[in-house]
Each structure stands twice: as structure tokens, then as C-alpha cells.
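Both of the next two complexes hold subunit A, though its partner changes from subunit B to subunit C.
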Partner chain A sequence: MTINQLRSCIFILTILLISWQLGACNSELRIIVPNTEIVAPALKGTSAIPNISRKLIEGVYAVQQGKARFGDTVILKHDRESLSIFCQKNSTYMVLRSGMKDSSILYAGYWRNAQSPQTGLCTLEIRNKDGAGDILQTIRPQTLTIRGAVGGSEVQPNEPLILEYVRPLFERKRERTDGKFWIIAHRGGGRNSDRLPFSENSTELIKFAGKLGANGVEIDIRLTKDGIPVLYHDENLNSRLVDGEYMVGAIGNYTFAQLQVLCRLKNGERIPTLDDALRTIVDSTNLTSVWLDIKEPAAIEKIIAMQKTYIERAQLLQAAGKRDTLEIFSGLATDEIYQAFVAHPEHLQIPSICELSISQTQKANSKVFAPRWTLGSLQNEVNSLHSENRRAFVWTLDQPEFIVQFLNEGNYDGILTNYPTVVAYNYYIRR
Partner chain B sequence: MKIHVLFVIYFFSGFLFSSAQDNDSGRVYVLFPQEAVPYSFSGSIGATTTFVPRPIAEEEIRQIPILDANFRYNLPVNFALTGRLGSNYITNLASIGAMWSISYRRFSLSFGDYSTLWYGFATMENSFDVSAIGWLNTPHVSFGIAFDEVLISVRGELLYITSRSTRVGDIEIASEKNVVAGGSFGIYTEQPFFRNTHLLLGLKINNLSNAYQSWLAFSTFNDRLTYPEFMIGILL
Partner chain C sequence: MKLLLLVILFLTPQFLTAQDTLRGDYRVILQANLGLSQSHIVRTTEVDKAEYSPLGFLRTLRLIWRPDHLLGMGVETGILRVSNLIVKQDASLPTGTTLELDAIPALLIFSMEKYGIEITSGVGMYNYRVNAALNDNEITASTQWEIGWMLGVGYAYPISRSFSIGGDFRYYAIPERQVSLTSLNAKVQWQLWY
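Then we have the complex of A and B:
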């Protein structure tokens, strides 16, 4: 071997090693949530705001100060004890913890842009004289003003933000369906590439989905080697979704116990079972719909059994006044899944979402038809489905301009999206 | 750590095995920033692979190397016309540009710019067509050191998207114009390899938003990500 050949070999080896290392490193995307401990003292000594008071705060607000960052109008909506604010400008949203103290209502949390890494901290207050006094006595105040500050991610916020209540949130009225509109968060809330605080398809993200404006979630179901339905999108264990040096190949090659011991989702969570996920949704969220994206026909039998169990559980809780109605749908995305579903003896009674065609939707007695968004608004088809007491959800709509277009021109009953905050703003802002 | 050691060995060997005299006889290059005899031609044929970040590419996108060819036509007063053609069927590109070089002993420096038209098309699994087209403009500066016939270049590039459009069927789903997408830093070697052949090897680290290599992933997240790119070719 000549010197040149030797040098080329060393160079090739070096380049390949660096490429391999960089190829591995470039899979790592950091979570984008600022250090909220900085603003946490703002809530020290507060107590929980009653639910009925929280409802009085929800609405469309005009931005009096802070337009440069948040635009002219914002949407305020609570999810349990948290307040979320959805803005049009830069697809920005805020997630804030709440509390009341001395006739004031206080909030502390963070803002971020849904489609970029921009983020920072935020504190807000409704003073007694600005409307908090009335709200805490469950009276709608004549005027309602929220004052606070926003800023970067490492320092106390100091840019003023003033919001003034304008009108209540939009609510759809429709004759044949029950009027609800579903904002369905893809993969339990969004993809890992959206750098949310929790991993896609984790129970932690599902609990967070409501704070992103979603009232439904889509989750992906696969089977482990020992036949346990788990939440996982890709066919293989890979660095996009899990940390686990020794785990390679199809997730179906591993038992659930092996997965629990040897790997974690990207933000450290365990891979959840479908059972875990549905229990979380029923018991710990206000979500009203679940779209089960079934990845393997072999999983149908177990999924349907679980669907029935948790629909019953949700109905019991609803009857006791402890939660809203909850619908759980089997997703029929491929012909393979469809055939396995319609072969099940109870398929006509099992709620399903069919992505294939209207005729297959009818044959499977699916409650929902779900076309790909690039097929357009399908006005006539959607109206025809409404007349059969079926609904139509469109997937997966992420670009703000198309979200607005579909809300304004389409007649769909729900949107599946990676950006529920963007859909929430554009839905609730309507008149 | 092992990588650093390999690099040290590599560069040390460059000084060790090269003579102190500047001697450009037998040099074959297409990227090296040294001027060359006017009206002469050089080129390379090979392949590049870009490692699209997995969170963007997910599991559905297979990363196929692009077969490509680089050209250089040398002109008087140290100018040269440069060009590139590349294709992996799904993504296709053509570039043309110019560069100006200056050299002192074994060191060379060049400034240049090239424009790229790229076009991508594919039919997705559930039978709908997607396509994308874009114009890129790339000013660049290169620095080179010659160790006899072994030529090492480092090149910094700024990537400017003049226009870009992505379509699903007839619907334009995303577009942008006049955006600085980011930059890249590359290291290349052009050297004799086996018998009379000469090899081009390179590693480029791109830090970009919306790289053309990842157009099929339809990322909606606006952030610059790292795309390592590996290049290999035979010099003509």
C-alpha cells in the first residue's frame, strides 16, 4: 500500500466516523421549555381558582400592550388548573399555572412559538379592581383587564402585556351533529420534532394536550412480542423516539417487560401501554375523543376489547358528573386494518374512524370519515355524511393558512393537527 | 477522542510526506481553490449522502445518495466557471457558478458563488403526487493547502433561498422567498489514490432550515438543524 492509499484510508475512516457521530447527534432535538422556576414565586401562597370563575375568564381578548410579540387579539382558555393563551402572531401560545390570593387572580408560566424555538417566561394578574373581585364571586364583570409581563427564558419578564376582554369564545351550533368541534392533537399532542415538553405518544403528553387547545388526541398503537398494545409510532426502535443503546429493530421483537427495562422515550418517559393511555385519558383529562391509529391488524381484537372497557368507564364517570362524554374510535387507515376490523363480529357497534372512502365508512358503520386534507373541503360529501348522522375529520392540517381556509370554507367536524394551538386560536376567534 | 487522533495523524502525515517546495505538477483538482491553466477542464463523478435529521425524516423517508458530477472550466486571470449536476431520481439539481482564486506558495484562497435549481417529485404510498422546486444561491469562500499532490480545502458557504415551493398535486402547500437558510462548513481532500486515479473526499456540516435534501419530510418547524453531508468522487 502506498503512502497516498494509506492516507486516503485514514481520511475515509475519519470522515465516516465523524459522519456517523454527527448523524447520531443530529437526531437530538432539545425540549423547548424555559425555566419556569424563575416565575414560580409569583404563585406562592395562592389557592385554586373555582372552576366556575375560571370559565368567566375564558374569551377573546384585545392586546392593549404587547402587540409586537402577540398580535392584536388572543384567546384565553383553561384546561383544569392551567390557563392557555393562543395567539395568531408567530403561532405563539402560553401555558400558565394559576392561583388566587387576596381577591387577585395570578398566573405564571411561559410562552413559545409553536413552529419555531422562540420561548420565554410570563406572569399575569387580574387585580380586584380589574375584574377579579367579581369573577371570584362568580359575577361576569363589566370590564376585565389582565396585566402582566413577558420576556426571555432566563430572566424575570419585564415587557408589559395588557389584555382586555372583548367577547366569549366561539361555539359552533349544528343541527344534526351535537355542535362540538374536535381539535385533535396528532400523536398525543404533537411530534418530537415540535419539541414539546414531553415525548410523542406518552401519557405525559396526552395529559398536556388540553393545554395545547386540543379536546381530542390521536395515538399510535403497535403490539409488543407478547401481544401488549403499546403507544409507538414507528415500526422500529430508533433514536428519533427512544433512548436505549441496545435496542434495535422492530418494536414487535421485544416483550413489554424488555421495553420497560431497557428503553425510554426521548424525554425519559416509559413506553405506555394502551391500557395506561386510556386510563390516563378517562381519569386525568377533559379530552372528549381518542383516535386510535392502529398500525397492525393483529392488534384489532385487543384494541376493541379495551375500547369497550374504557367507553363504559367514561360513561360511568359521565353519569356521576365527573367528566364529559368521551368517544374512543378505532382508526381504519389501510385496507389491511379495515378488513381486520370488519371481520370482527361487533364492528358495527364499535366506534370507528374510516380514512379510506365514504362507501367503506358506511359499510363499517364508522361514525367518522377522515379524508386527507389535500383532497380539499369535500363540501358535498361532508354534508351528505352529516345527513347520515356521521361526522368528518380532516388530517393532518399544520399550515396556519390552510387551517384558516378549512375552518372558513369547510364543514368538517374536526381537524387532526400537530399544532392544536393554531387550530384553537383560529377556531375560537370566529364570530 | 479517537477522531481527533486520526485527524492529527492525517494532517501530520501531510507535512511529513510532502516536500517543502511548492510543486504543482501532477495535481488534479476540481474544488481546490488554486488557479489553473486557462481553458483547461477538470471534473469529478461520485456521490453525496446527506444525513437528514431523523426527527425530521422520521421512518418513512429513506435517505438515498445523490449521484453527482462536479465541473470546473478554468479561465484567464484566475477565474473559473463551476458547475454541478446531481440526481437520485427523487431529487435533482443543477448548479452553475464562478470563482476567483489567488495562491501563495502552497496556500490558496478563492471566492465564488453558484446558483442551484433543484426539483423533487414523488408519488406517496396512498397515491398522491408531491413535488418541490427551488432556486438557491450560495456564495462561498475556500482556503486550501497543497501537500505535493495531496490537496486539502476548507470551504464556508452561505445558503440563500431565492425561492422555494412545495406542492401536493396542484395545491401549493408551502413557499418561501429570499430567506437566508443557513450555512455550511466543509473539508475536502483531492489526492492520488490507486494507480492513476485521483480521489475526492469531503465532509460538509450544514446548519440549515429547510434544506433541499429534506424536502420530502414537509417539516413545518422553522429551525436550523445540522445536516452532515459526505462526498466521494473520482477526479477526471
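Then we have the complex of A and C:
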């Protein structure tokens, strides 16, 4: 074989290896949740914990055992029947189902690192003598200790974890917003790349957002070919967001019926309509704000009609004591969307979030101004908006160090984030 | 590890000294291929009752420059049928809805030929396209470019100084779509320049 022939062979081999590399680039973004059936027997025979007792358990806890995995302090917060624990170390959180039995309070579920695939199982218990007796009688106990175990994802947890109640959760004292701070989960709870239990922009993830510490969600709205507003982020159907061999090109090229049959979100859910999503939020969550990220100006008319319908529905449920207040905002992210919104005759009465400028926020009578985080804390501008009875949310803050910085130095009323668990920890831990 | 191997392979030829620097003649070859392909695809579409076919015809053209050494290079295009589906009964889709999935390769190919045996690899883009025809004549045509590659091995028998006939086996891959095709083709080869 001549040198030239050898060169040719090596070149072809190189091309083959590049091809092999290309083939390997299609990484699977499947969900990561351990098999919670392993710890489910811990809750066998339990009944639901009364809401008032659940509130007594919420708070800041010191980690007595388990610091290596979870850090020195954790936050405990309920979302309906679930308990979420947000940890200091490695952006770790836990999602646990709860129950009570024989004067004990029991939890079983899993822990997960928000920014890596590390996960495992967890069981916790508040024994009668550790404070459960008082809590179930709706008395705040002198001391409250939670004992349990954590471990890997396929075996019964056996590493001890002991948490001791320190103080209640931080609450902002501000009349204008009833002390409320908005932790808004991006894309209904987070991105597919973070391998959450459900696909981004799905109704299932929206229902889960509260367990991640969010009290609001941002969802992306596009129109199908037959004009139905659906939740979808990208302009094109792609393997990052959907499975479906016949799904090629823009989502707007397909009718809703075609999408329902031919397309599944990454975890198998169907692409939801805006109608489905808002009904889910109003009827099945405790979320208090919805940020509709409108991707197409043509969708404005239909979105505003739905916004009005579901604001009324939420108000009726609130009046009946069945849910908290709910705000639904049209998001004005581009000049095209803004122009289409202010052309609507009722735009001054329709709640909106303006991402563009303060003058456009005022002109559209937007309740919220939402600057990109890279613009900094904008202290003066935010204070000026507060004096006009408007609020300011910052987007999209994901890095823990910046989240802490904005919470400490900024005067924002809310943070849009892909990691609501991290914002929740750093917000509720404050004094 | 794969990356290291790639770097080593890429750099190795740089350290080899060519035996001579004078270039000889070259040839330009046009190749037409017609074949049958079978797609290998992760099926996620759920239709109550449908006719589904992963089989299709493959039609491609190649233009290859063959210098005086072993390695030639060129371009390949054509049309590859990935699959088609005809809805016979479904709760959401009208009966008669037809979905056709095609890919048009635009590949840079590298080819080695010796004693009529040809080994080819290619990288480039595929214009991935779907045609959805509902029975009320509402047609959705949508396309998207995707990165992909191919491998092939074949044989060509010369029937004259200019023409050869033969056949080959090919493997096309579009990783982003989790789609691959295997095909058996007949080919006609014409030396345009020699």
C-alpha cells in the first residue's frame, strides 16, 4: 500500500468516526425520577394531614444529620398534600407524599439535584414525641424534629437524615403586594434539559410546579394552523420538545387534530391547548400567577378572550373560598406583540407584563415590568414603578449566586426561573 | 476517547510524506442510482387503524471527482422515501389522510474505488419533508434541514470505457430524527471526463 492509499484509508476512517460522533449527538432527554414504589409502603394505611397542621410543619430547619448531602439548612413547604424540601447544598430538593397514622406524620418520596441527574429515595417521619402529637392537635410544638433516611434510587434509603425546626419561613412585609413574592417557573415548571418528571409546557408539569416551589408559571403560546392557541415554545417541531416521525417544520403548519394524533411531548404527554392549561391552573393548582408568553401577534385576540374567561372563573372560585387569587398576564415580549396588544380595544383593562421599556409598560397599562436580568437590579426604576402601583419581575435567573444577589440587592417582586427550587430556598431562608 | 481517536486519525496523514508531488490525470464520474429502501424509525404516531409502510424507492445522483490517488470526493443528492402512512380509521384524523415522509440528501461524499469496489462515506444535510394530505384536500407540506451522514459499499462493472453498471448497499442516518435507512441499489456510472 502506498502512502497516498494509506492517507485515503485514514481519511475515510476519519469520516466514519465523525459520522459515528454525529450519531452520538442525539442525546436522549428522558426524565429522571427514581422508583418511588419502593418507599410507597411507608404511607400504607395513612390518612390526609389537615391543612392547618401542614402549615405548622412548614419552616426553616437545621440539618442535624445528612449535612454532607443537603447542607446546613433546608426549607420545608407544602403544596397541597405534598411536602417539598429545598436544600442549601447542590440545589437539591425533595418531593414527598404525606400521610398521618397513629399520631405520627409520615412522608415518602424522592430527592433530586436540580442541576444534575443525581437522585434517590427518601422517607421521613415526625413521631408523636418529636412534635407530631401537638401538630395534629394544631398546636405549635416546643421542638419539632423530623427523622428519616435517604439513599439511592433503587434501594430502600438507609442514610440517616435528621431535621430540626428553627424558625418560620420568611415573608415579605409589603402592603402593596400582600407580602407576596412571585417565584415563576419558566415553561410551566422548567426545561426538558433538566429532565423533570414531565415535559416542559405540559399540563402535568404545570400541576407539578407548586411542588418545585413556584407560585406562578410562565407558559409559551403559539397558534396551530386552524388557529387554536397551544402551549409550545419553539417555532419548529423538533426532537428537543416532541416525538413524532411526521412532525417536521413549523408547528403552525399543522392543525390541532394532526398534532394530537401525530405528536407527543418528550414524556408522552399531548400538546395542551391554552384552554386546557388555564383550566388546569384554575381548578387543580394553588398557583397565583400565569405569565402567557405570546409568540405570535395573531394569537392576541384569542388569548385575551381566554384570559378574561379564566380570570372570571378564578374570581368565582376565590369568592367561594376554593382558591387563592389568580392573576393571568399577557406577556409583551416583542414590538410586534406589543403593537397587536395595544391595538386591542380593551388592552388597558387586560393584565399584562411588558418586557420592553418602562414607557411602553405605562402606555399599555401593564401591571408588571419585566426586564432581563442582565440589566441589573434597576433599583430606581423598580421603586418608581412601585410608586405607580406596578410591579417588577426579573427574568430568567438561574444561577444560585445571582439569585441570592438579586434577592438581597434588588427590589423586584418576582423572579422568573428554570430552577424555582433554588429561588424558593434562597427566598424563604431570608430573615 | 472517541474524540482522541478522531484527533489522532485526523493528524496522522499530516506526518506522512507523499511519495511524489506530481499529479496525474483525473476523472469526473456521474452516478445514477435507483433502489429500494427500508427505514428504521422510532414510531410514535398512534392511529387507530392505518396502512404503514417503511419501504420506498430511493433515487440519487452522485458527481464524483477521482484524482490519481485512491480518495475521490463529490456530492450526492436525490430523494429518499422514509415512510408513508394512510389513515383507515381514527377518532381525530379523517379517513384517507395520507402522510408521506421524504428526505433529500445534500451530502459531501468521500469515496475510494479499487478493482471496481467502491466504499463511500458522506456527511451533510438532509432536507427532511412531510406531506400530509387530508381527505378534504387540505395539504400540509413542511420541511426542515437536519444534519446527517451515510455509508455505502458497492461494485461497478465496466461495460465500456465510459460506462459501468453495478449495485451498492447504503446506510443513511439522520440522528436528530432518530431515522436511518438501509437500501439496495442498482447503479449506472458514466465517466464524464477522463
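Odds and ends about this structure:
Please note the rule applied: the second predicted complex is superposed on the first by the 402 of 431 C-alpha atoms of A that agree within 3 Å, B and C clash if a C-alpha of one lies under 4 Å from a C-alpha of the other, contacts with A are read in each partner's own complex, and residues count from 1 in each chain.
The rule we apply is simple: contacts are C-beta pairs under 8 Å (C-beta built on N, C-alpha and C of every residue); 3 or more make two chains touch, one makes a residue touch a chain.
Quick caveat: nothing in here was measured; it's all calculated off a predicted structure.
Shared-chain residue A:Asn418: touches subunit B; no touch with subunit C. After overlaying the two complexes on the shared chain, residue contacts for A:Val261 are found with subunit C alone; subunit B is out of touch.
Touch criterion met: A:Ser193 reaches subunit B, while subunit C stays clear of it. When the shared chain is aligned, no partner comes close enough to touch A:Ala68: not subunit B, not subunit C. Of the two partner chains placed by superposition, only subunit B is touched by A:Asp398; subunit C is not.
Applying the stated contact rule after C-alpha superposition, one finds that A:Ala319 touches neither subunit B nor subunit C. In the superposed pair of complexes, A:Ala250 makes contact with subunit C only, with no contact to subunit B. By the touch criterion stated above, A:Ile10 is placed in contact with subunit B and with subunit C alike. Where the contact sets of subunit A with subunit B and with subunit C meet, they give residues 3-5, 7-8, 10-19, 21-23, 25-26, 236, 238-239. Across the complex, subunit C meets subunit A through its residues 2-3, 5-6, 9-10, 12-13, 16-19, 41-47, 69-71, 82-83, 85, 90, 92-93, 99, 101, 110, 112, 119, 121-123, 128-130, 132, 138, 140-144, 147-151, 173, 175-179. Of all residues in subunit A, those touching subunit C in their complex are 2-26, 225, 236, 238-239, 243-250, 253-255, 257-258, 260-264. The touching residues of subunit A, when paired with subunit B in their complex, are 3-5, 7-8, 10-19, 21-23, 25-27, 29, 115-117, 191-195, 233-236, 238-240, 372, 374, 398-399, 402, 418-419. Touching subunit A in their complex are the following residues of subunit B: 2-3, 6-7, 9-10, 13-14, 17, 51, 53-56, 58-59, 126, 128, 149-150, 168-169, 171, 173-174, 189, 191-194, 199, 201-203, 205, 219-223, 225-228, 230, 232.
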